[in-house]
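For reference, chains read A, B, C and D in written order, and residue numbers begin at 1 within each chain.
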Amino acid sequence: MSRRVRIGLAGLGRVGRLHAANLCRTPSLELVRLVDADARLAEATAAELGVAWSTRYEDVLDDASVDAVAIATPTPLHAPMIEQAAAAAKHVFCEKPLALDLEAAIRAVRVARERNVKLQVGFHRRFDRDWAAAAARVHAGELGDVYLFRTSLRDMQPPPLDYIRSSGGVFVDMTIHDLDTARWLVGDIDEVTAIGAALSDPGFAEAGDVDNAIVTLRFANGALGVIDNSRVAGYGYECSTEIVGSKATVRIAHHRRVHNEWLTPGAAAVDWVSDFTERYAHAYLRELEAFAAAIRDDRPVAVSGEDAIAAYVLARACDRSLRERRPVQLRREDGGHGVVYALEEAA
Amino acid sequence: MSRRVRIGLAGLGRVGRLHAANLCRTPSLELVRLVDADARLAEATAAELGVAWSTRYEDVLDDASVDAVAIATPTPLHAPMIEQAAAAAKHVFCEKPLALDLEAAIRAVRVARERNVKLQVGFHRRFDRDWAAAAARVHAGELGDVYLFRTSLRDMQPPPLDYIRSSGGVFVDMTIHDLDTARWLVGDIDEVTAIGAALSDPGFAEAGDVDNAIVTLRFANGALGVIDNSRVAGYGYECSTEIVGSKATVRIAHHRRVHNEWLTPGAAAVDWVSDFTERYAHAYLRELEAFAAAIRDDRPVAVSGEDAIAAYVLARACDRSLRERRPVQLRREDGGHGVVYALEEAA
Amino acid sequence: MSRRVRIGLAGLGRVGRLHAANLCRTPSLELVRLVDADARLAEATAAELGVAWSTRYEDVLDDASVDAVAIATPTPLHAPMIEQAAAAAKHVFCEKPLALDLEAAIRAVRVARERNVKLQVGFHRRFDRDWAAAAARVHAGELGDVYLFRTSLRDMQPPPLDYIRSSGGVFVDMTIHDLDTARWLVGDIDEVTAIGAALSDPGFAEAGDVDNAIVTLRFANGALGVIDNSRVAGYGYECSTEIVGSKATVRIAHHRRVHNEWLTPGAAAVDWVSDFTERYAHAYLRELEAFAAAIRDDRPVAVSGEDAIAAYVLARACDRSLRERRPVQLRREDGGHGVVYALEEAA
Amino acid sequence: MSRRVRIGLAGLGRVGRLHAANLCRTPSLELVRLVDADARLAEATAAELGVAWSTRYEDVLDDASVDAVAIATPTPLHAPMIEQAAAAAKHVFCEKPLALDLEAAIRAVRVARERNVKLQVGFHRRFDRDWAAAAARVHAGELGDVYLFRTSLRDMQPPPLDYIRSSGGVFVDMTIHDLDTARWLVGDIDEVTAIGAALSDPGFAEAGDVDNAIVTLRFANGALGVIDNSRVAGYGYECSTEIVGSKATVRIAHHRRVHNEWLTPGAAAVDWVSDFTERYAHAYLRELEAFAAAIRDDRPVAVSGEDAIAAYVLARACDRSLRERRPVQLRREDGGHGVVYALEEAA
């Protein structure tokens, strides 16, 4: 395909609107229609961007001129909407997680594969310049053998408890990004152990969730790993990674809003970014460019549905480890669908 | 004006092509025609961007649907092309410097003013997030009284000697950005003193230029300032500013290509950006957005022709100081044309 | 006591010689005699420092003018030498760990307590300016509630395998410092979980040890913690701590040998310290000053034998967790001897 | 000389007391007597350190067992006291500047040379680990050709105006350290230009002094340099140096009191040192060790009287440049006394 990839977008929540703006700035993509159940929201956003709109997803799928859809609807809709898109022969870009239900995710990935449509998942960190640059050198072997992987993901302020209650828990909602990063940079994971606590607000415990968590990893290549997550870091949004290897150690970090230092008697003050949209503005743009390029050049997508399932299974294993206070083993298997991870049977 | 600003671009050298790409990515602008004397270059670039092209500047000026022109041609053409655009009632975005000849620059600014077209000059640093954020707080008085202004601008590698020979010298070509920053952040300048040396290559001296220079400033408000410039810093491109004030001190710096650290036995390695296009990719985009907004909303431009003249006069004063080995005084005057600086008479 | 504290030193290995030099530089202490089983070493070191020497520990204990002893002999000798010193009414400064055998450590602490002699243990990190400054503010409540504690301790190069074999394992030898830091800064620990691997050299596995390890902690106040250790970080010696709290987050780190940056094309190089003696040169001096002050002013020592036992029990719990692949609970109890921790019964 | 160097100290002001404490901690030196015109101060300090005292300098000079004197009296006494010490065959460590009168300084240096006593001057920065490490690599040629030298010296708060009035002015009192650093790291200086202003307090102008200054340098090897000084930086004490060379660039900086970062919503705070005694505690110790070693091993001192005169002449040239608003040339000459610099005749 040599022309611009024509795409529709379903879901105009916070991340959906972020994608809408980026779809307009990506030269290789042409945003042709917005879909949201809320007609007023759909109409207003469409007017602002100068594109068509609809409340019905089918209006996108039935449009023969459309090549692809981007899905940013609530999680329970992801898997069925992927299957519908695949049935309509549309390529799919979908937000994480694919589902809160492993079977649904596996089926959606299988259907997309069978229908031969590309499915790319929104692990935007893979498109950030800092991680991408490190990954290139890590994959080229510059670290030697990996000994320790360490990553922190911390939000400045927690989302509303309503969001928490339907989020699937911190591991599926937040740690899943770190688990994907761990797999991407170091490789398959054999074992996870998690501890967690609800420390800032009893609402987390009431929702069956935690607001702080630490997960240790044992990679298939022998390396050890640790992830720490906090919903309530207070000082700012932080996402940083470190990998210690036999030949070198790499640190990835980039948190400043602006690169100014204000020095006053007693202190030098540095301005932090406050959330992921500020931190990853570019990565959100680049993942769409990558998606368009995969379609246009008929290459594999950069982040596959299988990647999403692997991260999801790992997040679920964290959940089990936290509840059962023990390490949880992972099995890697391929049932012909490319699904690489499976949970051990419940203890 | 509520629609997109329609703009033509003249000059497809290095910075011209950079502007062309950005003009396509700026939602408030519509690039309609490229102009370059080299037909093959104009045609190839236009094909890539899907716009019209021409070898004749007049084809842009004669197009009644065009609102504005961006000028990135060689410096001697800047002033006459501004005057032509003003005569055709087109707004102008022009690269620095306006001219290598002060009278030409003053006349171009006056003509634009008389014809009531907006003229914005390409001091892109004003649109960089780091400097802009600092400027907002400096202008809000957070520094208190300014004591010391210090800024460094250093290139990793020098441009070809051919470029040096026609550049107008380091002060007009390079220091002019720092002089604009000094005026922007601290205020008017009363006195400059410059020292310089050709240290890396005798070609600089043969061209009557220097490859390293230090300029001290005395501001009208009493503050002191110092600029250092190098064509040959070797380690990377550096642009950093520091202002010491009675209430606080601010440091502006941002040089890394990616925010990774590679730690190996004996050293931690940090990756620097290698030139200004990498460092200021965003500022180049934002200055065009600002230009479009000034036209659309009929507001003053962010960087005026008078700003360009002021920086130019200061650069020339540096030149005189270097040659005459003494401080050179500046007079501020307004001959009705808003020209704010004048050189003292030659000693 | 208003005069200088007179002290003898037993053990002239690597750390023993480091203490010897510091004892000579501490105005509040007077080093009066060195003891080592190796007469040649004792004589040479004593000549250099201008003090008496002996191969017999008793020569120090029998000297009525001696107030205290510093013990830097091999670990198995620590506990019996503490008891001998206590019997001779000498105050004791002893290197960590107190013993590789918990009962021996508990008995030594009890004897010192019964004989009313001060016993200070060599957790030098408590005397480092960076940790001490942080601790003061943490203990003053500036962090609010603690959410996450994170600390890294990594050696540039591993010690010889001979050392490893008699070290008691990484947790007792290395992690013990981090466990003490965790207790000092955050408080009591209820649960540990450890993973580890021998990745750099099969010799570690043959010695029944690991060269990389991650330990998670659950503190009595609910906070979570994680320690990572490596024997083989390669890039330098690293010891850094971070604590995320509800009001603030603190980071403690100081690794540079000198505070220079060398910028060359492609990289900025920073010089790291290579081991703990370089990093903590001052802390080693200060812990002796603190010990002398405790004796002179008859105040409690800054790091007690009970602190040493607590860290030791925690290290043993890590060991069990690693072997049994599960969390290990800790009980806090006081059998009248101030011993605060006890391992759960083996599973 | 193989025994400890026996030394007397004259002058117990702020820096004198700092030297007294260090003299007690330097194993190669033995402090034997303190001298101060204020008997009460001398007696109290001597009691604290357990040494003899006197109000008469002669009591030190007449003591045949004394090898050397350290002079930390008010500046006007430096030169005559050096001459007296030389006449008594005592080696001399003297604070900067040697005199406020060039002739007196030159004579003192000459007398010390003729009497064959060592004279070391208190440019303590040469003994700081960061500068010393950089200097070793700079002198080994790792920078290649030097292009730009840049250094900042800023006090957090100004000294009392009484001190200012008798200080000899900012160049002789403060910049003199930077001028010595410039000569040490880069080489001889041919030309200086200075600008300055009294911005924080009219008392500076009334005292004929400035509180902020910038000095540019032209080195004999062609390199350019710039020094900025402030008495009123507010945020902390800063001393940092940068040298840009053809092969590399080095940055020397170290300002933190402790290496902690406190991150709170909106800012990361870093603690700065507040003055030179905190910053250079070690350098003050090392310069005394170096002095003792020079005497004991009969080697040249690390910072000679000629170095002091050179820095002083440069400081005076700055003063003239500031007053006459023009560059001031330096001549290097050796009148047989090793005096390397001479001011041009007054304009």
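One rule holds for everything that comes next: a contact is a pair of C-beta atoms (placed from the backbone, for glycine too) under 8 Å apart; a residue touches a chain by one contact, two chains touch by 3 or more.
The model shown is predicted, which means the values in this text are computed figures rather than measured ones.
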item	value
Chain pair with the higher count of C-beta pairs in contact (B-C, A-C)	A-C
Remotest chain, chain A as reference, centres from CA atoms	D
Rounded Å distance between chain B and chain C, as computed from the means of their C-alpha atoms	58
Euclidean distance of C-alpha centroids - chain A vs chain C, Å	42
Shared interface positions of chain D, touching two or more other chains	234-235, 247-249, 262-264, 271
In the complex with chain A, residue positions of chain C that touch it	145, 147-148, 150, 152, 154, 191, 193, 195-197, 199-200, 211-214, 216, 218, 222-226, 228, 230, 232-235, 244-249, 325-327
Chain D-facing residues of chain A, complex	156, 234-236, 262-272
Chain B residues within the chain A interface of the complex	24-25, 27, 129-130, 133-134, 137, 142, 247-254, 257-264, 271
